[in-house]
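Note sheet for the following structure.
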Amino acid sequence: MGSELLSYIRDYAEKNNVKMGLVFAIGSIKNPKVGYFDEKSEGYITIDLKGTYELLSAQGNISIKDGRPFPHVHVIVGDRTGKCFGGHLIEAEVFVAEVTIVELSGTPLERNISVKGLSLWAEER
Amino acid sequence: MGSELLSYIRDYAEKNNVKMGLVFAIGSIKNPKVGYFDEKSEGYITIDLKGTYELLSAQGNISIKDGRPFPHVHVIVGDRTGKCFGGHLIEAEVFVAEVTIVELSGTPLERNISVKGLSLWAEER
Amino acid sequence: MGSELLSYIRDYAEKNNVKMGLVFAIGSIKNPKVGYFDEKSEGYITIDLKGTYELLSAQGNISIKDGRPFPHVHVIVGDRTGKCFGGHLIEAEVFVAEVTIVELSGTPLERNISVKGLSLWAEER
């Protein structure tokens, strides 16, 4: 409780040397900031969600960026009426979160390609 | 068809002795009841969704509570216009569901901590 | 970039002989077409979403239909305000997508049952 979700996942991966993996989470989070990638400006628009939300889905991956484990996570949250909001996870305060990190073996994927403001993997593995 | 989704998952886990696992599902469900955890009252507000919805995402886990397999699942559903609703799964009638339970080995997690009306695991594993 | 997401998954499964598996993906997609299964007409209503969306969740599976790998995927997308839409994936142009296919071993599931316009697996495994 009280941690920031994305840095929690990054710190966990770093501490446990997870170089490639999948991320899933459910729980309850506060004041999530999520991004929408705007192709025109080649950057993320920040969507500032105020309040406490059910964390309905977190789906993402861990790969290597600049030599360190880097989580990329998209989230969907629900408000007290059941309405859903979501985006690319920028930050969120954890009320409670049940996070699963599935470590994948093999040569880690690396974000070493930069296209239109996005840091990507090579195309297919 | 016709089963109740959450008890189906619990019964399956119990019958197959799944003590720790991940849950995923897609399909089509009817009259889902979902919850939003209200920090103030320390309890779930029930959101009663009437009708038939696409089950767009079910994400959750199985752990041990009071000595028995206990599923905790969050769902997102879509209506005929594509609009999304979701919450903590309380119950839903299955029209069709394709459920995957990924059994995890190791010492099962146990919900043996009670905080603010929530039944939780110990903090990190 | 530029591929169609569902046929990309099917082609990948076919090329790599994935007969049973789970599908997850996040990314950014354009002009997704998603379906809502209408019980009355026993067919899918097509929901035509125009524009570019964050792909917040793709959850699905691969099984065998008519002797070939067949992906069944449900998606949730978010617009630039964070609003969510979703359904049964019919097609979507990929802007970027990070797709994970988890291959499952064992006897592949086969969609060999036809009920109310849906092609289903036998009930439990």
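Chains: A, B and C, in written order; residue numbering restarts at 1 for each.
Quick note on the criterion: contacts are C-beta pairs under 8 Å (C-beta built on N, C-alpha and C of every residue); 3 or more make two chains touch, one makes a residue touch a chain.
None of these values were measured; they are calculated from a predicted model.
Engineer: Could you classify the chain A-chain B contact as same or different, where same means more than half of all interface residue numbers appear on both copies?
Structural biologist: Under half of the interface numbering overlaps between copies: different.
Engineer: Using CA atoms for the superposition, what rotation angle relates chain A to chain C, in steps of 5 degrees?
Structural biologist: 120
Engineer: Could you give the separation in Å between the centres of chain A and chain B, each centre being the mean of its C-alpha atoms?
Structural biologist: Measuring from centre to centre gives 22 Å for this pair.
Engineer: Pull out every residue in chain C that's touching 2 or more other chains.
Structural biologist: If we look for residues of chain C contacting two or more partner chains, we find 57, 59, 76, 84.
Engineer: Within their complex, state which residues of chain A touch chain B.
Structural biologist: So the residues of chain A in touch with chain B come to 1, 24, 26, 28, 52, 54-59, 76, 78-84, 95-96, 98, 100.
Engineer: Quick one: in the complex, what on chain B touches chain A?
Structural biologist: Where chain B meets chain A, its residues are 22, 34-39, 45, 47, 49, 57, 59-61, 72-76, 84-88, 115, 118, 120-121.
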